[in-house]
Structure formats: C-alpha cells, structure tokens
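Structures for review follow.
In the two complexes below, chain A is the common chain; its partner is chain B in one and chain C in the other.
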Partner chain A sequence: MGKKFVGEPIPRVEDHRLITGRSQYVDDIVRPRMVYAAILRSIYAHARLKAVNVEKARQAPGVIAVFTGADVREAIGPVPVASRLPDLKIPKHPVLALEKVHYVGEPIAVVVAGDRYLARDAVDMIEVEYEPLEAVVDPERAIAEGAPIVHEEFGTNVAFVWRLSGGDIERAFREADVVVSQRMVNQRLIPVAMEPRGVVAEYLPGEGQLTVWTSTQIPHLLRTQLATMLGLAENRLRVIAPEVGGGFGSKLNVYAEEALVGYLAMRLGRPVKWIETRRENFLSTTHGRGQIAEVEAAVKRDGTVLGLRYKIIQDLGAYHQLLTPAIPTLTGLMATGPYKIPNLHVQIVGAFTNKMATDAYRGAGRPEATYWLERMMDRIAGELGLDPVQVRMRNFPQPEEFPFPTASGLAYDSGNYHQALRRAMELVGYEKLRQEQQQLRQQGRYLGIGISTYVEICALGPSPALPAGGWESATVRVEPTGKVTVLTGASPHGQGQETAFAQIVADELGVELADVRVIHGDTAIVQYGIGTFGSRATAVGGTAVYGALQKVKEKATHLAAHLLGEENVANVAFEDGHFFLKDNPERRMTFHEVALAAYLAKNLPPGVEPGLEATYFFEPSNFTFPFGAHIAVVEVDPETGDVQFRRYVAVDDCGRVLNPLLVDGQVHGGIVQSLGQALLEEAVYDESGQLVTGELTEYAIPKATDVPWLETDRTETPSPVNPLGIKGVGEAGTIAATPAIVNAVLDALAPFGVQHLDMPLRPEKIWRAIRGA
Partner chain B sequence: MGRTIEVTINGLLYRHDVEPRLLLVHYLRDVIGLTGTHIGCETSLCGACTVLFNGAAVKSCTLFAVQADGAEITTIEGLAENGQLHPIQEGFWMKHGLQCGYCTPGMILAAHQLLSRSPDPSEEEIRRGIEGNLCRCTGYQHIIEAIRYAAEKIRVTREGGARSK
Partner chain C sequence: MIPTAFEYFRPANLSEALALLEQYKDEAKLLAGGHSLIPLMKLRLAQPQYVIDLGGVKELSYIRESGEHLLIGAMTRHVDVETSEMLRQRCPLLAETAHRIGDVQVRNMGTIGGSLAHADPAADYPAAILALGAELRAVSTKGERWIRAEDFFVDMLTTALQPGEILVEVKVPALGPRTGTAYVKVAQKASGFALCGVAVVLAVDPNGVCQDVAVGITGIAPKAYRARAVEEALRGRALDASVIANASAKATEGIDPLEDLHASAEYRAHLARVWCRRAIEQARESV
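Up next, the complex of A and B:
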C-alpha cells in the first residue's frame, strides 16, 4: 500500500480554526440565561474557619446565590485521589473548605451572579473569620519532630513511605571503590498552561442531563469521577473537553470547581460559567516537581556504577489531587535511567505541607529521575577525573541486550543509547568544543558543555500499572459516502492527533486527509477512553485507531469479495483505495462503492451486519521507552553570572515518527519548559505559606528572547510494543533538557570548584557561587 | 451609568452603551462575540489578548472599552480577507507555529506589527518583537519560522505586484 502521509511533515488539519480565531475554548462557550461563578479562596495557608458570613454578598447587586462548604457538604462528594499506595493517608478533601483551610487558595465559598464583574464584586463582600494556625511549607521540616500538623487526624505529615529495591544494594556499596553522594533539590514548578482552567455547566431537567464543558485532558475519567461526586448516573452526565489551551498535566485531574459548577447548574437551573483567573491558576491548579533527594552512587574507578541509593522527599502539598502520590513513584521506577545499574534502593517519603497539591507536570516524576541521575553522572565523572561521555558510555546497555531488564523491575523495549549520544556529539562537535573550552579558560572565559542521556517511560501504559486502566479506544466509522470519522478516546489539546490519526487512516484506507475527521473530547459521542497524558495519545491511542482500521478493512474486504463474486477472500487485494482481484486486477471496486454497499445492504454476504465501522480497545503489553542524548553549550559570564547559550543539540529517539513537524514541535516545547526549570522558574512560598510567585510578574516562564536556536535530530528505533512502532514524544524534551542545561552551567563553573547548585540557576546564584569560591 | 462608544471592529462600525470599567477584551469577547481574542492573564503580561488598535498591537486587557471610542480595531477574525488567509496565518499553519492555539491570535497580531515595522526581520528581531507574547507549547522556534515564512511571502507578493504594474 502506498504510504502518502505517515512519516511526512504534514501541516496540521486542526490549525485553520485556530489561526482564524474560530475555535471554541471553554470561555468562548455561551449558553442562554448563563450566569457566572466566582470563588472566594483562603488567604491563609493554615487556619480554622470560625465564621463565613455571606449575607452582604447575598444582597449585592446581581447576585443570584452564594454557597459555603456547609451548604454543599451533603450534596457534593470529596475531590478524589486515584492512586493507591500501601498505608497512604488520604485527607478528606471537600470542594469548599469546612472547618479548616490548608493552603492559600483553597476554595471557601462560591458566588453566582449575572455577570463576571458582579460575581467578583460580591466575593469581596464575604466576611471570613479565620483563626490562623502555624503553617508548614518546607517538606523537610514537615516530617521533622514538632512540625505543625497539616491534618491533625493523622498526627503526622508523612502521607506515605514507599520503597523500591532491586539487586543487592549493600553489596554494591561494599564493593565500590568510591562513593559519590549529592543532595539536590528539584524545585516546585507551576505548569502555566496559557489557557487557565474553566468550566461551563448546563442542566437539562427534561432529560435529566448535566453537560459539563471543562478544560481537561481526561473527559471520560472525569465523567466517572464527577458522576460519583454529584451522585448522578454516569449516562446522564456529558463531559466535553472543547478546545483546550494547553495542559502539561495540570488538567489531568478532577478539580473541586468541576463538580461545584456542575452542582450550581443543577441547583440553580441555569447554565453557569466559571473561568479561573491567572492568579487562581497559580494558587489552585496543581503544581509540579517539588522533590528533594539525597543520592549515593557506588562506583568503580573506571566509572562503572554498581548501585544507587535514593532518599527522596516529595512535597505533596495539603491534599492529594488525582495522582499526587503516584508521581514520585515514577521517579523510583526510572531511577536507573539508561544505564545498566544492577543494584538500587529508593525510599520516597511523601510530606504534607500547607501548599497547593503537586501532581503531574510534563514528565511527571521522570524529569526528576533523569535530573538526579544525570547530575550524578557528572558528579561521578568529576570525582574520578573522567569525561562525562566516558562514564555514560561505560554504563549503557548494549543494543543487543534489549528488552533490557532494570533493577526497578521494568523491561525497556528497545534502544541504542550509544548511537544517540554519538550522534549528538558529532552534531555539536564535542571534541573540538572541549579543546575550545580549555583555550577559553586561559582567557578567563567559561564555556560549559552539558550532556544528558535519558530514557523515559511512555505510552502509559499497561492497565495493571495505572489506576484507571491504561488502554485506549478508537472507533473508525466509514460513512456511506466513504468519508471516515474517527472517534478517539484520547483527548488532544495541542499535540496534533487530529492530523496524526488522519494520516494513519488516509494511508490505511487510501483516502485523502480531507476525507477524515477526528472527533475527541465529548463523552456523549466518543466511546469510553482514557485521555491524553504520559506521551500515550499516539502510541496507545494511535494504535487503537490502527486496530479499528484493520477490522474495518477486514470487513470491507470480505464484502468486496462478495460483491466482486469472488469466493476466496484471500484473492482480494486492497490498494490505494481500490479492492481488486489479485489474479484479475480489472475486476475492481472503489472503497467508496464498498462503503455505500455496506449501508444500502441490498447484497451482503450471509451473516454480515450492515454498516462499516469498528471499535478497538488497545491494551499495550508494555510501556515504551524513548531515549536520546541532549547537549547544551553555554558560556557563563563570571562578572554577572549570566548564562548565554552557544548551542543546543537534541537527538531524540521516539520510535517511528508519524509526522516530523509534530515531533519537532513537541521536542522544542519540552526543551523550553525544561529551560524554564533549569534557569528561571520556581514556585516560592514564604514561611507563612503565601505564594510569593503568584503571578506572571514573579514567576518567569521562558520568553522568546530567553531561548536559543534548537538543533534537533533523531534516531529511529521502532518499539516492538505496538504495530506502528511508535514510542511517544510528548515529554522527551522536558525530561532531557533540564540536566543538560544545569550540567553545562556547572561544567562552566568547574574551574571555580563549584560541584553543584540547585535550580533555578539565575545569574545571582551563579555570581554568588563564583564569589564564594 | 453607561457610556456610548463607537468602535470600528474588523471594518464594521458598532455602537454600544458600556460600563466604564468594562475591559476592551471583555467588550470584544462578551459584547461583540469575537472570541478569537483570548485572555491569559488580564494583567498585560501574556499577550494572548493582543489586537490591532489603530494599526498598533495592543493588549486589549490593558484598555477599557471606553478608551476604544472612535478607534479602529482588527482582531484575529478580521485578518483573513475574502477567505484568503493572511500570510502570517499561512506561515503559522505551514511551519507548525502553534500547538494548543491559545496564544496564537495574539502572537499573529504581534507578528503583524513586527512585520509592518520591519519587513525582513532577523531571528533576534523576531524574538524581541514577540517577547511580550508568551507561548507555553511551541518553544517559539516554529513561530519564528512562521514569521520568516510570512515575511518572505509578503515580499514576494509585493514584488510580484510591483512587476505586474
């Protein structure tokens, strides 16, 4: 079959509506008689609520209703957490606070008014009497003796202790020539999708149906959870993810507001809209990262790493959101990275703090793992006087060792790690750069070369490993006119699956891209699905599309044989949109003719149902493991501490590529978010639990001027896990780039004897380190 | 308590009574119904709400609707002419200059101002020209390529037009 589309840099089919301003995000949705909600949030990180007085607000102009926690406690169930760890402490998480507030930004009351201005006015009229309590913001302090307790009922801030071991870690350390250890911080980050969250809800009393439009990555999972929270039958609840303006994990959740706005719509009998302000987005949409690690490596003089021991503290925040406790366990699973390190011990302590919950943020636990390990590789190289490349090459498994078993219990599907690193070194001109670095140092100039080799766990994932199933679904529906509609359970929000899936369909069925329409994000139209996260949409969701296509083709071939009067189905071939007899290619029918015949149903083979569509649920047998090598080259100005990029080279292997434009886009975006973490971003709470970086003024996400030109390249090692050979690429950049950039800066600072600095590496921190040296 | 304003938006004249505190961006979105102009911060930091205001790119969340009295405004919906994409829109499409699309209308209009001032911008100039517009998805590189594509396309069209005269 001719492959016209898969593998080609096809401009996206979804773009036209987006570049002409005609797409519909949540805030663009208007319903008749719609009213607006605004939320009063706690200004204290930890306080008892003595009284919430809403009388004045109720009397305010345009106000329709005001509700507090006490008003809705019976009607709306708690905000759910899906992950289950042994002995996990799960605090009650009401949608509006009851006796206590536990973080700044926690919802206390909601106002509904005729327009958004009036709703916000009335929020300011609610009087709350707080009894402030001492807050705990530092996770290390939180788990120490005598710390204020976030949830008194537990008597501790330790939510869980999770351990993972493989091999014989004690022996590794006994046999080591050298032990290298480092304490490091992976700071809290704020995802900052450019579209804040928002919800519109409408109740149709006649049908008894609640429709919730919300900016989410997981419409179906959300529907199930909301049905439970609201006590609604799941088939009376319709969740629609309209155009979604970025998520990065922050919309992979079930939020209090989603249930609350649904409830308001039912209770008031009018459509209700709530749109998060950017300030609210900073305060009360999930944060990411927030790990502290002490890492010890047992190494041989030649750079062989025998074992790794991690003691990790995860800052959870005050409550569990959907996956909060699960995120750091991914760090544990990936703790040996792309290396053959047979002995491992990981201990993760989850600490409650009086802050917003952490949860998935692009990479979700894997950037942390890669950062710890890639920093360690450079520290090891430094201690042993080896080149960082040498240490990495020495510890890579060989290509023929795949599927490669790790000490954490995974089986990496396929890989050639040496090749990716060699390619990156070639592109950047590694040897020459090292020479130049020496020469520049003579002149008092500080060039730094930072390497990061990574492997990530993607295509999440086999169902046993995920709380709500890890398969994905697709329906391929051939319409009577031969147009093809795809219903995918994935929920793209920028990744471009409307295009990627159309490419698969067009090639498989021999139709044009324009003949294919991909529909997603509406639970009333699309069969149950899992959603978009963990670089799974194409690898798992695309495979589901592929599987459905095979079923459609099989049926169509059967029908074509019948219509062509051929007894032997094996004698019917399908190519470029035509069915024909292999031994008599003149006898042929178009795909369109067969589709129409399937619906007209005048002449079907016995036992064959009319119509031409198929649904396929794909359950992957394993995760996929994309990998690659990134090299950052920077120059640090010793006078100012300023970091200037010279080069940035990324070689990624995400398996088979459906559309290189989309892959490059994902890689670029990921690298730049990484750059944000390495150099700019940090969610800072002060001691009393106020979010100091609560606006875009204080929290710097990268601007166009902060970013160097990115040189991307690829190797292509197909995954054996799915028939398309896809691995996934959504998070590669974010996972790889942070340590590459930090390693580059620290490499530049090596002459000053600086071994490690915690992120973000802003000029002042670098300048101080140079001065301190 | 309202005030009457007259504003030309995408070539059409509108007359409305508006509250003095109504932000221009809310006027465009909620009153006129042109929702292509997005809101990412309401505090003039993200650029999602960028429109052309008497030809200059402004953040429409920093203006009140009353300040637009007598102004001519172009929003993203008004950029394509007769169904023909503007070269900048085409550039964003061809070069994959968008992912979620939320920053895109503002980004395109910021690029519009940049190209009207500097028809053949360098990479550096483009980066500076869109510095006030945040994008969390693309890493900006494809946006830069999109703007270069547009610059080239506009140049070729102009030269072609000049020759045919």
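Up next, the complex of A and C:
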C-alpha cells in the first residue's frame, strides 16, 4: 500500500498564506479608477423619513454621486427572503429606505467619492428629517396588544406562526407523573466575523459584464439573486468570494449593499469599493439566536420523558434576510434531541421588532434546540432527584434502533449515544468528580459539572428541504501533467476543505497532496454550487468530489486498458498511482502517463472523448446526524460570582474523520463561541432601539485567556448517507457546549436552590442569584 | 471607524512638541501610543485638527534610578514597565500593574504618560500611581512643575494638566524594607479595562502590625481614588483576617460608584470591598 492521506492529521494547506498575510480579502482588491462608497444609516429604530436632503453632500469635496432610496427604487429590486413558511408576512425590503426606517443602521443613502475618507465626510453632510415613532424592541411586547407596529401594512408584528406535532402530546401530559416547566431565553448574539463585510464591483461595458467581489459563503446563490435584483442576465454577472475572513452564517445571505455597490459600478462606469466598518458590522450584519421559550416536559418518576411542549418566540428583527424565518424551524425539527421522546408539540411565533434581522449564526436554530432540551434534562434530574447522566441514559435510543424516527418527522441516520456519553464520563472521571464536589461543598467551595448530550442535523441537505437545492457539485480536472484541479461548488472560507478535498483526491488517484489544487468561490470558473453552511461542505461537497473522482478513474481505467492492449477493463487495477493488469502486474502505466495520453489523444479507444475531467453533482438522500457528549467542569466563586473552568471534555461523533486536525479545529472554535454565549455575549438594545453593545469595547467575545484547555476525543459512527461515511462537524461545538457550560454553572449553584439563570452568566448575575438564595 | 481629516506632526524632541502644542493649543491632541485617542477619532468622538505624535520623542522613554526614587519617562511603553528588571526589584507594583493592562498588543504600543494623561476612570495605572504616592512632572514652554498623583486626577477624563503642558515623567518611590505590594483587577470582559482594580502598598513591622499603607482604587468611581478609610482602619493594627475584612468594608466610603452595562453600582462597590481585602492579603503575603 502506498501513502494514505485520508484520516491523517495533515496540517492545513491553506494556513501558510493565511498566517503570512499573503491571502487576498475583498479590501485587498484594487481596480483601476476605483472609487469608494459610504452609507448613511438610520440613527432611529423607528421613524418616518420626512426628507433626505443630499445637496450639501453632493457639493462636498471629492464626491462623485449621492443616491437615496427614491433614486434607486426602480433600478434595484428588493432584498430577497428565500424561506417560504405558510402565511409568512414578507415586508418590502428596499436596498435604501423609502418612507420609513425600521431599525438603527438601516441604509438611507449612499455617497460615492474619490476616497473612503471623503465619502465618509460627505455622509455627515446629508440632512435627514426624521419623525421618530415609538419603537418595539422586546419580541414578547411586540406580539402583545397595543404594541407599536413595525410594518403598518400588516397590522400586527406576528410574521408567522409555525407548528409541528408528533405523537399524542395531550396523552403524554395525562400520563405524566410530573410536569417540569421552564421559561428560558436564548439571547441575541452578534456573529463578529474577524473580517467585516465588503464589496468591490466593476462593470465592463464592452462585455456587458458585472463582476462583484464580496465576502460571502454562497457566491452562486448570490449571483442568481443579484441578477434578479439588478435585472442582469445571470451569465453576465460574475461573483467572486475571495478569501473570506469568517462568516459563521452572517455571510450566508444577500445584502442590500451587494446589489447597491453593483448598481453603482454600472451606473457610474467606475469600479466601486465599500468596506463595512466594525460599527456597521454590529448594526447591519445579521445577528444570531434571539429566542424565548416556554418548555414543558411530561415525565415519569424514573426519568422517562413522555413528551415535550414548546412555545417559542423568535425575535426576527425588522426585516427578513435570506433565511430569517427558517432558522427557528430547525429548532423545531431538533426539539427531541438525542432522546426517544415520542410526543411533541412545537409552536413558534415569529415577531417583528425594530432591530437588525436575525438569521443563521453557527448552528442556526440547533444550538437553541439543544440548549432548551439540555437545560430541561437537568431541570428534570433536579426535580426527580436523579443524576443528570441517569436521565439522559434512560431516554437515549439504542444503537440498533437506527435509522431512528423522531416525533418531529426526521430519521436520524446512525448513532450510539450511550457510547459517547460513557466515553466523556470516563475521560472526565465523572464519579470521582461527583465525590469531590460533595467534599468541596463542605468547605464552602462550589464545583459544577455540566453535561450536554446532543445530536445535530448536518450536511444540509436533501434538496426538497432547502429553498435553493441541497446538493453540491465538484469538477475534478486532471491536467496533462497529471496535476489535479478540483473545482468545488461549496465555497469554503476557513473550514479547511482545500486540505480535506486534496486528501480525498490524493488517495483516490495516488498523487501527492501538493499535486492537487482546490479552487472555489468564483462563479466564472467553478460550476454552479450551493455553498458552505450547515456543516455541509465536506459531507456533501466532499462526496461530490469523491463522485467526480470515480468518473475520472473509470475513464482513466478504460483508457489504460486500451493503452495496455487489454480488452477486458475488469482486468485492469489501479493502485498507488499505477494502472496494471491483474493477471500480469508487470504490464503497467503511471497515472501521469494515462493523463497525458488522454490529452495528446493519439490513441484513444473508439467513442472516448479526449481529456480527463469529470463533474459530479451529489444529491444526498438524507441529512446526517452527528452527535456527542460534552462535559464542563467549573468552579464558582461564591463571593464574586466569578466562573473558573476546571476541565472541558468533548466527545464528538462526526462520522468518518478525514483529518483529525481539521475536526479538532472546528470543535475548538465552536466551543469558544459557545463559551461566549454562555458567559459573556449579549446584543443589548435599549428601549428606544439603540444598540448599546455597538462596539467591541462593549460586546465581549471570548479572548484566548478566557478559554480553558479543551480535551477532545471522538467516537466514529459512519453515516450511511454518503459513501465516505462523513457527517460534518462545523457547528458541533456551538451546539453542544453552551448548555454544558450553563449546566455546569447551575450545578455549582444547586446548593443555593438556584434552578435556572438566563445567559450570559456574568458574575454579577450569579452573585445576585447566590445572594437572593 | 473613519476619522475626520487632521494634520499630523511627529516632532523629534520635546521642545518641538511643546512649540507645536503652544501653537495649536486646544485644537491639537497629543498622541502617546494611541490606544485611547485613535479609537475615539475613528468613531469621530474626538475630531482634533492637529495630532502631535510623541512617538518620535525618544528622550521621554526611559526608566532610571534617582536615589530612593525611580523615574519613568512618559513615553515608556507598558511592556517596558512590565518587564523592567529595575522596577521588578525596586517597585514591583508598577511592573505588576503594567502586566495587567489590556493585552500584548496594547502593552506594546501604549505608554504610561499617555494612559495617565487620558485619565480613563477604568485605567490600571492610576490605582498604582495613587498607592505609590507618585509625583508627575509636567512641562510647558513656560517651565515645569511637579504634580502629586492625588492632585493629578480631577475627574473622568480630566487631569490637572493645563493647556500647553505635556506630562513628561513619573517619579515613584523605591520599595522600602518590610513592604509588600499587590495589584488585583477584575477586567471588563469586552474592553479589558478594570471594572475594579485595587493597588496596595503595605509596610508591616516584624510583629505583623501595619506601619503604613496606601490603597488606590480604579474602575469604581469617575476617577481613581485613595481609599483613606481603609488605610486608617489598618494603620497601627495587627493585620489579622478580621481587621483586614473590616477595613476593606470601607473601600467605597464616601464614593458614589459608577453604573453601566457591565456592572451595577452595587456590584461595583461589592467588588471593591472583596478585592480590596484580597489585595491587602496578597500584599501582606508579599512582605
């Protein structure tokens, strides 16, 4: 056997250019005669626009043009929403506000000037006459009687009511020994990608082509949407996602500025650049989470959960961005988590508020589901006097029950939930820790052990379940020299697929990693694709690469047989980069020789085309369902409420692992973002709709010094959904870790009788809870 | 995030800097590291017409001994204070405080003079400067004067510096015999500034009786302050746990604590009391 790359801890091939600063982000792109755009944004959360006077700005030094909503309303179509829930109310969403503004940060006008400083100076010269209206910020108030209405045409702030039922929920509650209920908040978060958004657009009038460089996770889907918004033929529009400095779902979208900057380039005949400031990023790039839930569990005394009833309010913000209304439906689908809970009822009310839209944020609806349920499992354990492990173990389905049907209508592909939890308990030394916890309590020290067992829905997904298709594409192009170019329709942006896909190629074709180049993110080069989100790039996009490789191998084998003078193709084997005859291994050719012969085309079998490349579109038959168990161990300082980590153990099962370094990297990053939600982060708007946490000096994201040593381990249960057995791991950390950490803190507080606290668990909140106990 | 236009000067020495400041007065801002000024300018909360960057004034970057005192030039970067062997030996409190400022990037750029002259109510240095009884030397084209630390901080973001004056030097006493020090801090998690920072200089006799003590507290009030009531409750007493606890309970006596998104006034006061006690204990152990 030759070298195998799949499964090995191969360092990322992307990292050298990223670490040495030689990669190209949107703001690195400079075009000849380029000019700069700056945007005037609403300072009110809710106001009528009486007048927008741009005359002074037009006269300002260096200013080339100023446009308002009225100027572009005919030319640019509305910002699209892809989700189609029944009876969904869809407000008109112009790229620049018209009669009203609905949140602080809503674009009102755009200035184009010779440099970004002059553009920004001119923004201050635009005079806006606002008639302020009362804002509604709290989603519960928004749906109550008498609240200010965000979009008057609807007469209500309820954008949708979505329900999901399975089994017989009424019966479950009739048969329950105990009903445990809890109201909880999953706070609004700001994704804070390191690179803010940015767009450069250039129009070539000769070709009639518009090129848009933008920091996006979905270049192809964006191209289709932008073509519609701008009235351009899709094949005259080229979208390029250069290096993307983090997205986490916030760049899985179609933004007003992307269409606006494209329009400006066409209208002005000059390339235009717009780079979002951090302040703008906080105000007008999508936020995440923002759910309030009342959960009721019908349970037996032995801990068996018979049924769950959820009443959820989703804070939508003022407008729907691309997937805003769809995100909470993922919460509903995953509402029974890794447990065999046959009866379920979920009701989700989507509420308009005078705030930035919420949308996908790493995990997108599933962290909320896992948080609700994992908090409930601990609340149930507390009510029944059982160990949290016991309650979980009792409700897990057995490994032989997979594919496991859920009350929400899903079929979990494969799993062994007991094994993952046992492994995590072993690693952390669970029994001993519980004893130590008892001893420490005698000394007035408060150790907390928090468990989270989870299952997530990944590899999105079968096409019927997604608004724009859920397949993924790949082209494998073997060049005449035997080098291999992969064009992936997934648009990875930091997740490491350039490495993972090269590993698959190297193993399948017997070439070196360095012989493989993975290209993505340019719609003029890469065939149509869907993008990177929902932990899909490897499981779906990697499978597409694998499928294309099989087609390439088939053709190459056919050609090799011909060149070797063998009529029976079945007698040709391909191993370690060599084709040879099974019954006469001395008769052989290298892969390179076959590739070259395919291009020289001097001696091809009849009916075989020259060249050696193949494109494959992979349509998955199901989602995948990664799972695992995380255990956090913390100590709470009862005097100050400060939380210190003692241990953090993560056992994740993401199916077959292509590269353990990539998996660890994804898990680490996800846990850190979870830690942010659990302990630090919250997007706070005041009553008038001003974003109080509008800067990084006010909004606390985790720093390196906040992060404990992360002990990661895995179980490996292959997925039957794809031939590689991959499940996906991009979001596992953010799904699993938040409740593990919160459960740990609340476990520490159990002696004080504290049953629940809403995130973020900042020291003052904990101190008050202890003091109030 | 994009400042208004300004004219930038980078004088090579102090007299050039003073001349520029004299010329442009209130319309000029001194840049001494820039970790406070530049963010304010990017948010357009500060819009100076002229920026005088002291980064080229090398004569203001030094740490040296002068008898029983140590002199630190105003343009000395936090990292140099943090890692100075001389300060670690003879005035460890200042090095320890510098170590707790921001992060590595901030410490590599920020300067002691810049931080003190900005007078952020949650900056770290003021607590230590007060506890050490430092003196600060200000220079203008008209001459120079020494300002006691306690007189230097006037209010939030306001110091005793007069228009045309540049803070050039900080003078702190070298550590005496049987003296312990401590700086403890609870950081505001987003900014890294102090929600509460307590600096203690504590001299005890061989019997464990407090001979002298100074406590500086930052982050709690509009300006850093000396916790006199705490000091009085310690001086002349044997430092057992209850004496320290009772004294620390006075950490916010006469103070109206700040309240913001990150901590209520009540919690800030509580933190001040708890961390005052912990700082005194730590200082006692370091004697």
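Throughout what follows, the second predicted complex is superposed on the first by the 770 of 773 C-alpha atoms of A that agree within 3 Å, B and C clash if a C-alpha of one lies under 4 Å from a C-alpha of the other, contacts with A are read in each partner's own complex, and residues count from 1 in each chain.
Methods note: contacts are C-beta pairs under 8 Å (C-beta built on N, C-alpha and C of every residue); 3 or more make two chains touch, one makes a residue touch a chain.
Keep in mind that what you see is a predicted model, and the values were worked out from it rather than measured.
So, does A:Asp653 touch the first partner chain B, the second partner chain C, both, or neither?
Neither partner.
Taking the superposition as given, does A:Ser23 touch the first partner, chain B, the second, chain C, both, or neither?
first
Quick one: is A:Arg120 in contact with chain B, with chain C, with both, or with neither? Answer first, second, both or neither.
Only chain C; A:Arg120 stays clear of chain B.
On the A-aligned overlay, A:Arg12 touches which partner chain: chain B = first, chain C = second, or both, or neither?
The first partner, chain B, only.
Which holds for A:Thr697: it touches chain B only (first), chain C only (second), both, or neither?
both
Is A:Thr277 in contact with chain B, with chain C, with both, or with neither (first, second, both, neither)?
So A:Thr277 meets both chain B and chain C here.
Looking at A:Glu764 after the superposition, I want to know if it touches chain B, chain C, both of them or none. Which is it: first, second, both, neither?
second
Which chain, chain B or chain C, is in touch with more residues of chain A?
Looking at chain B versus chain C, the one contacting more residues of chain A is B.
Which chain A residues are contacted by chain C in one complex and by chain B in the other?
Comparing the two interfaces on chain A, one with chain B and one with chain C, the shared residues are 116-117, 277-278, 695-697, 701, 703.
Which bits of chain C are touching chain A when the two form their complex?
That would be residues 1-5, 39, 43, 103, 186, 188-191, 261-264, 267, 270-271, 274 of chain C.
Name, in rising order, each residue of chain A that touches chain C in their complex.
Checking each residue of chain A against chain C gives 38, 116-117, 120-121, 277-280, 639-640, 642, 680, 684, 692-693, 695-701, 703, 706, 762-764, 767-768.
Where on chain B is chain A touching in the complex?
Where chain B meets chain A, its residues are 19, 21-22, 26, 29, 33-43, 45-46, 48, 75-77, 79-80, 85, 89, 92-94, 96, 98-105, 108, 123, 126-128, 130-131, 133-144.
Where on chain A does chain B make contact in their complex?
Residues in contact with chain B: 11-12, 14-16, 18-25, 27-28, 30, 116-117, 192-196, 243-246, 248, 275, 277-278, 493-496, 661-662, 664-665, 668-673, 695-697, 701-705, 707, 709-710, 733.
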